[in-house]
Structure formats: structure tokens, C-alpha cells
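Below is the structure I would like to discuss, written out as C-alpha cells.
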Amino acid sequence: MSDLHWKTGITRISPNEIRLRGYRLDEMMGSLSFPSVIYLALKGDLPSPGIAALLDAIMVASIDHGASPPSALAARTASSTGAPLNASVAAGLLSINRFHGGAIEDCMHMLIDALQRANEKSESMEAIAEQLIADRTAAGQRIPGIGHRIHTNDPRTAKLFSLAQDAGLDGDGMRLLAQIQQEFERMGKPLPINVDGAIAAILVDLDFPPELGNAFFFISRTPGLVAHVYEEQTRERPMRRIHPTDHGYDGPEDRALEV
Amino acid sequence: MSDLHWKTGITRISPNEIRLRGYRLDEMMGSLSFPSVIYLALKGDLPSPGIAALLDAIMVASIDHGASPPSALAARTASSTGAPLNASVAAGLLSINRFHGGAIEDCMHMLIDALQRANEKSESMEAIAEQLIADRTAAGQRIPGIGHRIHTNDPRTAKLFSLAQDAGLDGDGMRLLAQIQQEFERMGKPLPINVDGAIAAILVDLDFPPELGNAFFFISRTPGLVAHVYEEQTRERPMRRIHPTDHGYDGPEDRALEV
Amino acid sequence: MSDLHWKTGITRISPNEIRLRGYRLDEMMGSLSFPSVIYLALKGDLPSPGIAALLDAIMVASIDHGASPPSALAARTASSTGAPLNASVAAGLLSINRFHGGAIEDCMHMLIDALQRANEKSESMEAIAEQLIADRTAAGQRIPGIGHRIHTNDPRTAKLFSLAQDAGLDGDGMRLLAQIQQEFERMGKPLPINVDGAIAAILVDLDFPPELGNAFFFISRTPGLVAHVYEEQTRERPMRRIHPTDHGYDGPEDRALEV
Amino acid sequence: MSDLHWKTGITRISPNEIRLRGYRLDEMMGSLSFPSVIYLALKGDLPSPGIAALLDAIMVASIDHGASPPSALAARTASSTGAPLNASVAAGLLSINRFHGGAIEDCMHMLIDALQRANEKSESMEAIAEQLIADRTAAGQRIPGIGHRIHTNDPRTAKLFSLAQDAGLDGDGMRLLAQIQQEFERMGKPLPINVDGAIAAILVDLDFPPELGNAFFFISRTPGLVAHVYEEQTRERPMRRIHPTDHGYDGPEDRALEV
């Protein structure tokens, strides 16, 4: 044991045994879903089955949003010069920050701060939401989690909130965000709760630290970036000029799940 | 439509509708597992339920392997200087290459090439395995997918092959790799099939291109890297000297699943 | 001209002519030093010959600091897994942040803020330095640019300040930092101005924005990282465990310049 | 000394003394140019004054080529999402590969291989050049270092070759590339030697390994990427759609050096 000896609480490796947060990896394989084990890795304990189902949905929700987001464009740009798959995806990951994917963390901070202040003053949800909108509007700040460039009614939000309800998750994060959205509607501005907002509210109610908020986004988006890079590598010529918006879709036609 | 117009076959975005390979994202949320949708993103179609369960296990298998792998060390090193979460994980991702995580792609190439040659000559599995070992030994090349630094019997391999069997997946990739392992045993060298080899053989039998092999590793490892970076951020002081091997585990004690 | 048309003020490319900030690149080649053209790229105008010489020295000052800094370790770690040269250097670059290389920006902010406050109150340098140390000590904050882990008298600082004097650069940034150092000495704590502090003070007096401070560090360090990665690639075996401090030097023996 | 003890031949750090390849860093500061010390770091010895001047020109040559190269676009894309300066530049660096910046390494390999074969057969430069073009044409391969998208006569090439001559550098690398260019001209295809080719030929004649070829490009381009990212941060709004070609220049007007 050298003077640089240090400790980790994540994984213990011994010959023929790998334990994550105390559980054997091979025992979890086949018994637990990948998102459940992600939850275990990040939070230290296993989720209930309802929350596990919700986590699968959170991961599916952000897996891809087409070729226009900067993370897809940066990954394709790197790939187009001949970068290997992992380096291209890394370039994409470096393009997930405050203004793209980062709304989850910002929204979590906003909700947690507002709830804490409200708690101290024993205020109602209505009062908090009203105050929060007034404060942000006065400061010229946007409200993260509300509104979307393209979707007037983000189809992923309703699904996430419904699964959260199924899982018995019913917390102040979701309540406050819904209140904010209603307050906007009352003011004549019908803006949707976007997927980042929905995930943020759920993560607040699951007691995750805001600092991990964006990780849910980029863990989910990594396979999407792989798909973009692989398509770029196999379909396009190197060093093409990649237009950020002028692209069409020619994949499989609309189809319905047969589940 | 400009002269830079291009096409993508992955995702189609329209107001209030996101379709991945033709399926509505919100319809898949709550109905399909995250790994099923990863499979859809990368392969273009949905897996059977048995394969979906196998994919969950593949993803769980590689989620973390402690603090010693270079990807964890590089991510912690970046984090220790004050890098944000995504940049730290990117540094980890850049450390996943031929010699760490890359055995999947190499093993897939090896299996596919050998099976193709065998097919042309109508050779038996035994003959292929024998020839392959002889050729590689003569050339001084290692055989990817066989052997492990720490595990003499990789606990993840048996689980993956058993789930593959449950899913009715029974292909030449797994058969050839098993044959190679038996050939080694016959030669008095009892080496395990490691987790990279098991995943490689399964991906060959699922007809994935080798170029996507490592993606399964790094998609799986991304949450593990997040856990390491978050631990580094919250537990260690900045700019510490990070010893690559001299660390102990002080997380939760051994516990069994209650499923 | 599309609706995405945008403007840049850096470089104009036309057939057989490349102009950076208005000057022909081929005209500058052979006439101007690389650091002069870096200055032009970042600041928009050319430096005087004295400042050009100072910039060369600033760049030489930070080119390498051995194998222990996290940027060298992260670059070597990535390289050790088989990463290409540029991806390895990128991993190093991602490890240059607030706690490594970042002192330049922090020190610039500190000096600029203090000088601005002093200006408003027409205070003497002595008073500002005293106040600054008192405030930071009370807040438990370190003073960036002062002190070094290894060097009690950073040999690079004296050289930079002497070259700055030769160039006729004599500004409040350098004066204030020197005053802070003297104040510490008066207090019985003889701490050196480190190279980051010296560069920060000079950049303040050259009127660079603090946001560009760290760029001087990482532009300078990039070739050093290349040297480390190339040494790793050509001298070490893949996937070795890289000890962060236990390494010796076996390069060329001490030698003196013959200039 | 642990069992992980290792050696490096680049830099020796002791209290108040930093030696790169045996020379004191503070002694070199003010006496040697930055590119001379880059050469020292990468090659182990100092260049002659003529070569030092040539190296400055090589570094100036590639410092920037406008906003269209993928490295600039990837860096701006990352920056546009809120990435810090170093992470944005890292995304740019990850976009410098075989098809962008990578021609230096490819051209060096081509020249070295051809010269070696020629040496073995004692062939003339004319014969080598002719054979090389014939072989590559037959194989459908491009010839790296020859031709340019925009420049019919790359203004940087003549300058580099003239400075090489001034430095007394007169090697087979430059001779062979010139011969290839003349052979093309004789065939009725007047293609220029581009800047990558000129640098490659010079590096071959300076006896650099091809594996370091691209490093000269990306060391030089790093400050250019910083300029693009800083312009993006200070001039553009976040998350804009970045058109890869539809941009104009509005920087300083054409001006001549006054040297």
C-alpha cells in the first residue's frame, strides 16, 4: 500500500467476481434491465420495478432527435474527416452542454431551489410557480424545461409522467413544473413541458443531484450518436460539407409497434 | 433545397412526432427496453423478446470493471483538473481503443474471416479452430476474446451464452469461439472465453458488422464512467495523483439480489 | 446566400490567397514568428518586435513540465490503449482546466478586478495588494499565480518579467502581482510568482481578455503532449499501468545552449 | 521505487530547474524561438538557425484556413452548445484525421516508401515519379500532397521551398515531390504542390517519422481553432445552425506587412 492509496465505492473486482455496489454483475445479468443497473451505478441502490420501467422510458426518450442537433453534427463532422467511431462520438459528447442537453441540470436546479425557498416560507405551489415566472421574466431569463423549437406538445412528456404515476412516483418536482406550465397557459402562453423538463422533474423526485442530470441525456444519446457516425461512415463520402438543416429522411416508412 | 441537401435514414422529426427507423418514440417508451431501441437504432429493426433480454445482459456485462481500466483513469484524471462531466467522460471514451474494449471488434473480424474461409473450403469447426490457433501462434499474434488478466473463468461469459441459448440464438460465431477455447484446453492451456469474446461471438451471430462491435462496449461503459467521474468530483480533492492500481473498495458490502 | 448566412472576421480565403486578419499568410511566412501570428489571430493586430520576443518566451515557458501533470498522464493513458495521436492529445487537452493550466485565467480575473476597484477608489498598489490578500485569506481562497508545488523560485518568472521590461511593457498587472508577492514576503511567507502568474500579469498588461488566458497555456503545451504520446507509442507496451509520479529521467544529460 | 517505475527521456524536473532534452527551459526562453523548442521536444536536438526559420514558416502556414474546414466547424459547433474553450478545441482536434490535415502523414509515407524502393533499384527521380503516378492511378488512389480544392497555385508552397533552400535543406523528399508535380504537368494536368505536400517533403528531408507529420498540422492549427471558438463565443448566439460554406468575411481589409 503506497502513500497514494485511495478508495472507491463503486465496483469491487476479485478473480472471477465483479460486484457493482455490492451486487454480482453476473447475477444481475438476465435479471435486471440495463437502466436499473445504471441507476444502481449512479445512486448506489436498485430501483423498484416501476421506477425501472420509467428509467427505460427516460433512456428511450432521448436516444435520438435526428441529424440537426449539434451533437449529431459534431460527431458526423469528426467522422467525415476519418475519425474512428469512439473519437467521433467523443466530439458529439463534447457538444452536449448548457444549451444542448443541459436543460435537465438547469431545470433541476431551478425546481430544487424554488421548492426549498417555498418550504422555508410554507408557500403553495401556485405561489411558487407565479413567483418563479415573475422573477425569471424580470431577469430576462428563460425557464428551462418549458417550450420546444419544434414540438408544441412534446409527445415524450405525457408518456413519462404517465409512467411516473404508474410507478407511484408523485413528487413536488413534477407538481411544480406542471404548475409552471399551467401558469403560462393561464397567461395565454400555451407552452409544452419538453422532454428535458419532464426528465428533470422526475430526477428531482427520484432525489438525484442536479449535477448528474445531463448524464441521463448523454448516456441515452450515445447510441444515437453511434448510429449517426456509422451512417456517415458507410453512406457519405469523406470531407463533405454537412448542411445543418437541409436534409431529408429516407429510412423505413412509418410503422406501428406490434407488441 | 440547397445543393448540400442530404439524406438520413435514422430519425424523422416532425412537429409533435419523432420516429426512429419508422417507429414512434413515444409509442416505444414504456413498451420497449432501452437496449431494444439501441438495437433498432443500430440495426434498423426490432429484436425478438429473447434477443432483447440478451441485449440487456450484454449492456449490464460491461457497465463497469473498477477503477483500474484506462478509460476510468483517464476520465478521473480529466475530472481531477476540473473538467465538466461530459468532457471527463469524453476523455474516458478516447481511451477505449484496440487494447481496451477493442477486443470485440478484433474478435468479430477473426471469427468472420475464419468462418468465411471455412465456408469456402467446407471445413469442420475443429479444423478451423485448430488452423486459426496455429496461424496466430506462428505469427506471434494473440487471440482476441480468449484469456483474462484477472478472471480464470469470466463469470459474465457463461451467463451470456446461457441467455443466448434461451433466446434461440445458436450460431457459428459462438460455436467457433467455444471450439477455440476447447482446442486451447486440449493443448493444456485452460483459458476462459472473456466477456469481450462472448459479446463478439453473439454479435457475429446477430449479424452485426464488426465496425460496431466496440460501440456495444462503450455504450455500456458510459454510465460506469459517469459513476467514476461523479465519485471523483464529490469525494477527492482536485489535482490528486491517481494511482492506477493501489486502491481499495469501501462501498456497500456483498449482497444478493432479491428478485 | 441562404438564411443561415453568417460572417467571420478571422480569415479570408480566395483562390491562391489566404489572408489572416487582412495580412497575406505567405507574406508573413519567413517574415514573422509563429507566436506573432498567434497574437495576430487572437488579437487582430501584430505585436511589436519586443512583444513578439516575449511571446516566443511565453510559449517556450509552458511547453512541458514532465510526465506528472494530468494532461500528460491523460494523453499517455489514451495512447496506451491504442488511441491515435490527435485523440490522445485531445484527452490531454480535456485535462487542462481550472486546477491545471487554469491559474492563468483565474489570476487575470483577480488582477483585473482588483485594479478596477483600485482605480475607482484611487488606491495605491500596496493598499490593493494588502486588501486582496486579506479578502482571499478571510474567504479561505487561494491566490492564483503565487506559489508552486516544486519550485521555490520559478526560474521562468524572472525571465519573462525581464523580457517584458526589454519590450517596454510595464503595466499595472505585473506591478500588482509583484506587490502581492512582496506583501507575502513581508508577512514572512516567501512564495514565488509562478509561471502562470507571470503569464497572467503580462497578458493583463497586453490587454488580453481573461477568457483567452488558458489558451496560451494549452497552445504552448500541445507540442509537449505530442512528445509524451509519441514516446508512449514508441517506447512502452500497450495497456501498461502508468504510475503518476514514480518515473525517472533517462534522456540527454544536462547541456548548455551554445547561442 | 515501486514495481511500476518507468522512464521518460523528455523533461527532467527538479526544484527551480526544468530541463527539456537536457537544456534549461529558462535559458532557452528569450534565446530560442517556440518552433525551435517544438523541434527539440519532438526530435531531441536543436535545429540550425535556417531550419528554425523554416519551422516558424511551417507553423505560420497552417495556422488557419477559414471557417469551412471541419476542424473549425466542429470546434464552433461544440462551442455553440456552451462547451468551454479547451473542450471546443478538443472537438476540433478530433476532426483532424486522414481526410483533413492527414495528407502530411500519407504523403510522407508515400515519399519514404518510393525513395526506399528507388534506392534499392538505383532508379532516377524521373523513373520513381512516373512509376508512382502509374501505380496510384492504376489502383485508383489519390496522390497526397498534390492538388487543392481552392488554390491552383498554393501560395504557401513556393515560400516554404524557398526558405528550405535558404536553410540549405536540399533533400530527396522535396526533389521527388517536385518531380511528381512536373510529371503531372507533362501529362497535361497542372496541379500544384499543396501546403501539406510541401510540409511533408520538408519533414521527410528533416528525417521526421511520418507518424509525427500530422502533429505539425495540428500544433499549428490549435491557435486558429482558439480564434474561431473565441469568435463564436463572443459574436454568435448559442445553438445557432452553422452553415458550413455560406459565410462571408468582415474582418480587417487587405493590408501589407511593414517589416
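The first chain written gets the first letter, and so on, giving A, B, C and D; residue counts start at 1 in each chain.
Everything below uses one rule, namely that contacts are C-beta pairs under 8 Å (C-beta built on N, C-alpha and C of every residue); 3 or more make two chains touch, one makes a residue touch a chain.
What you are looking at is a predicted structure, and each value in this text was computed from that prediction instead of being measured.
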Result of counting contacting C-beta pairs for B-C and A-C, higher pair: B-C
Greatest separation from chain D - chain, by CA centre: A
Where chain A and chain B are represented by their mean Cα positions, the distance between them in whole Å: 23
Whole-Å gap separating chain A and chain C, where each centre is the average of the chain's CA atoms: 36
Approximate Å spacing (C-alpha centroids) for the pair chain B, chain C: 40
Per-residue multi-chain contacts in chain A, two or more chains: 2, 4, 68, 83-84, 86-87, 90, 94, 96-97, 241-245
For the chain D and chain B complex, residues of the former touching the latter: 4, 83-84, 86-87, 90, 244-245
Interfacial residue positions of chain A with respect to chain D in the complex: 2, 68, 70-71, 73-74, 77-78, 80-83, 87-88, 90-91, 94-102, 238-239, 241-245
Chain C-touching residues of chain D, taken from the complex the two chains share: 1-2, 4-35, 37-38, 41-42, 44, 53, 55-57, 59-61, 63-68, 84-87, 89-90, 93-94, 96-97, 150-156, 158-160, 162-163, 211-212, 214-215, 218-220, 222-224, 226-228, 230-231, 233, 236, 240-243, 246-257, 259
